[in-house]
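Report on one structure; see the data block that follows.
Labels run A, B, C and D following the written order; every chain starts at residue 1.
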Amino acid sequence: MSQTVAAEGHPKDDEVEGGKTLNYWNAKKGILSWLLTVDHKRIGIMYLFSVLTAFLAGGIFALLLRLKLLTGHDNLVTAPQYNKLFTLHGAMMVFLFIIPAIPGSIANFMLPIMLGAKDVAFPKLNLMSLYVYWTGALMALVAIVFGQIDTGWTFYTPYSASGSGPVILMTLAVFILGFSSILTGLNFIVTIHKMRAPGMTWYRLPLFLWATYATSLVQVLATPVLAITLLLLALESGFSVGIFDPKLGGDPVLFQHFFWFYSHPAVYIMILPGMGIMSELIAVHARRKLFGYKAVAFSSIGIALIGFLVWGHHMFISGQSEIATTVFSFLTFLVAIPSGIKVFNWVATLWGGSIAFTTPMLYALSFLFLFTIGGLTGVYLGMLNVDIHLTDTYFVVAHFHYVMMGGTVMAFVGGLHHWWPKMTGRMYNERLGAIGCALVFIGFNMTFFTQFILGSRGMPRRYYNYLDQFQPLHAFSTYGSWVIGLGFFLTLGYLLHSLKYGAKAPRNPWGGKSLEWLTESPPITENFHDTPVVTSGPYDFMGDEHGITPALQHHPKDDPSHTPAYDPGHHDPAAKTEEKS
Amino acid sequence: MNEHGHIELSTFWLPRQSSTIAHQVDFAWNVVTLVSIFFFVLVVGAMLIFVWRYRRRTEHDITSTVEHNFRLEVAWTILPLAICIGLFVVGFRGYVNASVPPGDALEIKVVATQWAWDFIYPNGTKSRNEFRMPAGRPVKVIMSAADTPKSDTEVRPAVIHSFFIPEFRVKQDVVPGLYTTLWFTAPEPLDTILLCTEYCGDNHSKMSASVKVMENAAFNEWMENGGDDAKGMPPAEHGLKLYSKYGCNACHTIDGSPRQAPSFKGLFGRKEAFNDGSEIAAVDENYIRESILNPTAKVVKGYQGIMPMFKGVVTDKEVDDLIAFIKTLK
Amino acid sequence: MTEAAADAHDGHGQDDIHGHGDDHHGGPDHHPHVLPYKTYFLVWSALLVLTVVTVGVSYVDFGGANLVIALVVATIKASLVGAIFMHLKYETKFYTVVFVSSLVFVSIFIGITGLDYLQRGRADHVRHDRVMNMLHPFDPAPPKAAPKPAAHHHE
Amino acid sequence: MSADAHAASPAVDDEGRPLSPQYHVAHHFDNADHQFQANKLGIWLFLAQEIMFFSGLFCAFILFRAKYYDAFVEAHHHLDKVMGGINTIVLICSSLTMALGVRAAQTNKRKLGVAMLVMTFLFAATFLVIKYFEYHHKFHDGLLPGRHFTAEGFVHPEANIFFGIYFVMTGVHGVHVIVGMALILWITVKMYRGRFSSRYYAPVEGVGLYWHLVDLIWIYLFPLLYLIG
C-alpha cells in the first residue's frame, strides 16, 4: 500500500535526522551545496533570489525616472542619463526579471512536485540554464556600468548599430540570456511529457502546468530568432555586414520584423505563466472546481500559437506595407479571444465558490481588474487608425504596464504568497499582506491610468523634456509610483521577516488539491516519500466537507495522520476509516 | 517649455480635431471605448458581486461542482469574436482613408536629422522646425531620414524618427533608406505642434516643430518669398527666432545653465579653452561664425563634439543676426 | 503504444495508472530499432544522385522556376535524411510533429515578413526605391567618395 | 532481466566488468528506456530550436534576393560551384558514416563504431579545409560583406548584401560544424572506452541527430547560395 504511505507521508528512516524530517532546505549545508545542487527546488530558490534582485534594481530605475518626470524641465539627471535610465529599466525588467521570473523560480520549484516527479527531466541542464542566466546578467551589468547604452530595450537599428562596444556587449548578454530561457523551456516540455506520476493524465495537470507548457513552446520556438537577430546586430555594429544598414542597401525595418517575431511571442512568455498562476489562485482560494478546465487549458496553447502571427502590430507606422499592417491588425483581434475566454472562466469560477480574502486571492482579484483594463486597451491599439494616434505615446506605455505589471507581476507576487508556505515552511502576516496588496493596487492605478490620459492627449514616450501642459498629470503619476514603491518594500519586509519569525506552515494551508499540497512544507529533497498515484483532478473540491482538507479544520500544525488533497485513499478502505474518524 | 507650441484639447481624452481624418479616428475611439466600458463593467461587476455573494462563511462551505455550460461558453467566445471583427472593420475603413492621398495633394518633402525637421516646399523653399501648410488643401508629405553632417568629412549616420501631429491624428516613422508618406487636410488656419515619437538619441524630446496652417493665399505668398518672413526685423530679434528655429536651444541655454553645450549667456567676450588644448582670450564674431559653420573645429573643453554642421544650412545674414542676438546676452 | 496515441488516450482523462505520461515500451531495458545496412547505403546513393541532379539543372536557366526546383530537390534530400538517417520514419510521430512544426513557424516568419517586404508602397505610389543620397535624400546619388560615418554620437 | 540475452557485448566499466541495465540511469528516471525517450525528446526540441535559429538567415536571404534579384544572380556567379558541390558530397558521406556509427552502437559493435565516428570527424575536417580555401579566395577578391566589399566591376552595388548573407550563413553553419566535431570527438573517446551499448547510447544518438541537422542545413544552403543565387 505504498500509495497510502505516500499519502499519509510517513517519512522513511533515511529522511529523518535527530527526530526532525530533513527537507530540501536543511538536507545539505554550505554554499557549495547550493551552487552545485541539481535539486530543482534549490535552483528555483536561487532563481527567485536573482529575479527579485533584478526587479528591485529595475524598480529603483523606474522610481528615478518618475522622479525626474515630476517636471518637464532639466532636473535630477541630464538627457543622456535619462535615456540610459529608461533603457536599463526596460532591459532589466524584460530580460532579467519578467521573462525568467515565473518559469525560473515558481515553475522550477513547483512543476516537478505538481507532476509527482522527483525532479525535472534534465537537472544538470536546469542548473546550467541558471548559470547561463547569471553569465548574461553579469555581462549586461558590465555593459551597463561601462557603457553608454541608450537604445531602449528594443535595440532598433540603425541607432543601436551606430553605438559601439557596450551595445555589442549588451546584445551578446541578451543573446546569452535567451539561451537560458530556451534551455529552461526545453527542460519543462520534456518534463511534462515524460515525468508525470502514475495516473497524472494530461487533463489532470494543474492549469499552471498547461500554461507553463505553452510558455515553454514559445520559449523554444521564438527565442532562437532573437538570438540570430542580436547576432546579426552585433555583426552589424562590429563589422557592418550591411543587412540592416540602409547605406549599403540593407533594411532597418527588417530588423524590427526579426526583433518582434521574437518579442511579441515574448510578451506571451511573460503573461502566460501569470495566467497559469491565476487559475491556481482562483480555484484554490475559492475552493471551487475550476470552471471550463479544457477551455482555459487550450486557450493557453491557442494564445501561444496565435501569438506567433501578430508581431507586426508593433510596426503599424514603421513603414511596413499597408497590406501587412492590415493582416496583422486582423490577426491581433483573434489573439484577444482566448485571453477573454480565460478571464470569463475565472470570473465564472468565483460563482458558487467559497471565497477567502487571503493575500493570494486579493492579488488574483487585482489581476482580474488590472488585466481586464490592460486587455481592453490592447483592443484600442489593435484598431488600425486608433493605433496610429496612440502608438509610441504613453498610452502604449500604460497598456503594457497594465498587462505586464498589473498582470504578470500581480500573478507572480500572488503566486509567491500562495506557495510561500510550501517553499519556506513559514506563514507570513496576512494583515500586512492585505495592506501591501492594497498599496500596490492603488499606487499602480494612480501611476498608470494617468498615463492613458497622457498618451491619448499626445504625450510621446521616452521624453526627457515634455510640454508644460502635461506637467500636472505627470506629477500625479509620479506620486503614484511612490505608493507602489511603498507597497512593494512593505511586502519584501514582511516576507523576509516571516522566514525567521513566521508560524510553521502546515502541509496544506489553503486546502489545495494539487500534488504539491501533499508533500511536507518545505518538501523533502526527493519531493515525495513515495511516488504518488493520482486518482483525481487538480480541482476536485467535492462540494462537501470531503473537499476540505482536514488539516485546515485543526490547528495549523502539520498532522500527517490526515490525508490531504489528491486522496488516493478514496479507493483504500484503510484511508476511508481514517477520514471518518 | 516648448517654444514650438502646444496641443489644444477638445475632449478630456483627445486633442482638438484639426484635420479632416481626426473625426474618423475619434469615432473609432468612441466605439471601442463604449465596447471596453461594457466589458469592463461586465467582468469587474460580476467579479465584485460574486466575491461578496460567495465570500467564505465556514470552513465547511459547500462549493459548486458545475464545471461547464456549453451555451455560456459558446456565447462568450462567439460574441467577443463578432465584436472584434466589427472593431477591425471600423479601424480598417479609417485606415484606408488615411493611407490613400487624393491625387491633387500638395507635396511637401520632409527630411529628419538629429535633431531637426527640414521641410522642402514645391518651389524649393526650405524651412526648419517650422512646418507651414495651406488650410483646406490636402497636403502629402514624403519623408526620409538623413545623415547629420558633423564636418565636411564626417557625418552622424541617419536614424529612425517619427512624424506625429497629435491634433491631426497622423503618425508615421521616418526611416533612413526609405521614403514614407502621410497625407492630411487641415480645414482651418491654426497653430499646433509636431513631435518626434521614435526615440532618436540625446535630444529626442526636443525634436519638435511648430505647425502653422495658413490661409492659402498667405501660404503661397510666404512660399514665393522663399520663406523669409524676417523683413525689417531687428537683427537681434531675428536672431532669437533663429535660435529656436535651428534648434540651438536644444543644447545652448540663454540663462547660463549648461546643458550638452556651453550656455550663450555672457558667451561673447568670454575666455574659452578647447578640447585640443588651445584657447581663445575673448570670444569674437569670427569664432562664433566658425563654430556655427564648422562646429567640430574647436570644441569647448569638457563638451562632446555633437553639434551638427550648419554650413549650407544658414545664410550669412542669419549668422550675423545670430551673432547680434548672442551679443545681447550679457 | 505510440506517444501520439498515448496523448490521445490520456486525453480522454481515463486513469493511466502505468504512469509516466506518454510512452512505455514495456520492459525496463532499452531495445534499439536497428536498420539494415542496405537501407543506409540506398539513401546515401540517392542523396549523391540528387546532388548531381541539382548541380546539373543549375546550368540551365528556368528563370523564376530556379528557386522552386532547387528547393524541391533540397526538400527531397532533406526528407530522406530526416526519415532514414534520423529515424523519423521509425520513431513515434511526435518527433516528426516537433520537427515539422518548427518548419511551419519558419514559413510563417518568412511568409508574413515577405508580405510586408514585397508589397511596400502599394497603397500610395511614391518612389519607394532606395534612398541613394543619405545626406540629401531627395537629391540624386552623390559621387563615389561618400563621407565616412562617425563612430558614435557620444564620443 | 531478459535484456541480458539481447545484448551481445554489454557496456563495460574500466575493468571490463559488464554494466547493468541501470548503468547511467539517473535517480529520477524509472529505467533506461524512460531516460532514453526523455533524452531523445530533448534533442529533438533542441533541433527545432536550431532550425528557428537559422530561419532568420533564410528569411533575410529570400527577401533580399527578391528585392535585389539581379545583384544576387550576378554575385552568386562568384561562388565556386565545384568546391560547394564537393563539400555537399563530403557532408553527405559524413552523415552516412555517422548513421552507421549510431547503428554500430545499437548493435554493440564497438570497433566499427569508433572507426565510423573517426571517419565522420575526418569528413567534417575536410569540409572545413575546403571552406577555408573558399573564404581565402573571397578575401583575396575583396568579395566581402557590407562596408568591406571592395571588389571591382560589379554592375549592381547591392552585391555586398549577398556576400554579407553568404558569410553570415556559411559562418554560422561552420561554427556548428566545429561544435559538431568537438561532440564527435567526445563520443568517440567514450565509445572507444566501451561506455556505450544497445542499452545506453543516447549521447551517440544525440550527437548523430545534431550532425544530420548540420548536414540538412547545408543541403539547403548549397543550392540557394551556390546554384541559384
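List of remarks:
The rule is simple: a contact is a pair of C-beta atoms (placed from the backbone, for glycine too) under 8 Å apart; a residue touches a chain by one contact, two chains touch by 3 or more.
Bear in mind the structure is a predicted one, so any value in this text is a computation, not a measurement.
Counting C-beta pairs in contact, the chain pair with the highest total is A-B. Relative to the centroid of every protein C-alpha atom shown, the closest chain centre, again from C-alpha atoms, is found for A. Subunit B and subunit C have Cα centroids lying 42 Å from one another. Centroids built from CA atoms put subunit D at 51 Å from subunit B.
Centroids of subunit A and subunit D (each the mean of its C-alpha atoms) stand 36 Å apart.
Annotation for subunit C: residues 20, 22, 101-102, 105, 109, 113, 117-118, 120-121, 123-124, 130-131, 134, 149, 153-154 touch two or more other chains.
Under the contact definition stated at the top, the residues of subunit A that touch 2 or more other chains are 80, 162, 193-195, 221, 225, 246-247, 249-251, 253-254, 257, 319, 322, 325.
Among the residues of subunit D, those touching two or more other chains are numbered 34, 37, 41, 45, 48-49, 52, 55-56, 59, 63.
Chain contacts here follow an irregular pattern that is not a line, a ring, a star or a complete set.
Shown are all chain pairs that touch, namely A-B, A-C, A-D, B-C, C-D.
Note for the complex: subunit A touches subunit C at residues 80, 148, 162-164, 192-204, 221, 225, 246-247, 249, 251, 253-254, 257, 261, 308-309, 312, 315, 319-325, 327-328, 531, 533, 535.
Those residues of subunit A that touch subunit B in the shared complex are 72-74, 78-80, 83, 150-152, 156, 158-159, 161-162, 246-247, 249-253, 286-295, 317-319, 322, 325-326, 329-330, 333-334, 336-337, 340-341, 343-344, 347-348, 350-357, 365, 368-369, 372-373, 376-377, 379-380, 382-389, 391-393, 453, 456-458, 460-469, 541-545, 547-548, 552-553. By the touch criterion given at the top, residues 26-28, 34, 37-38, 41-42, 45-46, 48-50, 52-57, 59-60, 63-64, 68, 145-149, 157-158, 160-161, 164-165, 167-168, 172 of subunit D touch subunit A in their complex.
The part of subunit C that touches subunit B in the complex is made up of residues 120-121, 123-124, 126-128, 130-131, 134-138, 147-150, 153-155. Within the complex formed with subunit D, the subunit A residues making contact are 117-119, 121-123, 125, 182, 186-187, 189-190, 193-195, 220-225, 227-229, 231-232, 235-236, 239-243, 245, 248-250, 254, 257-258.
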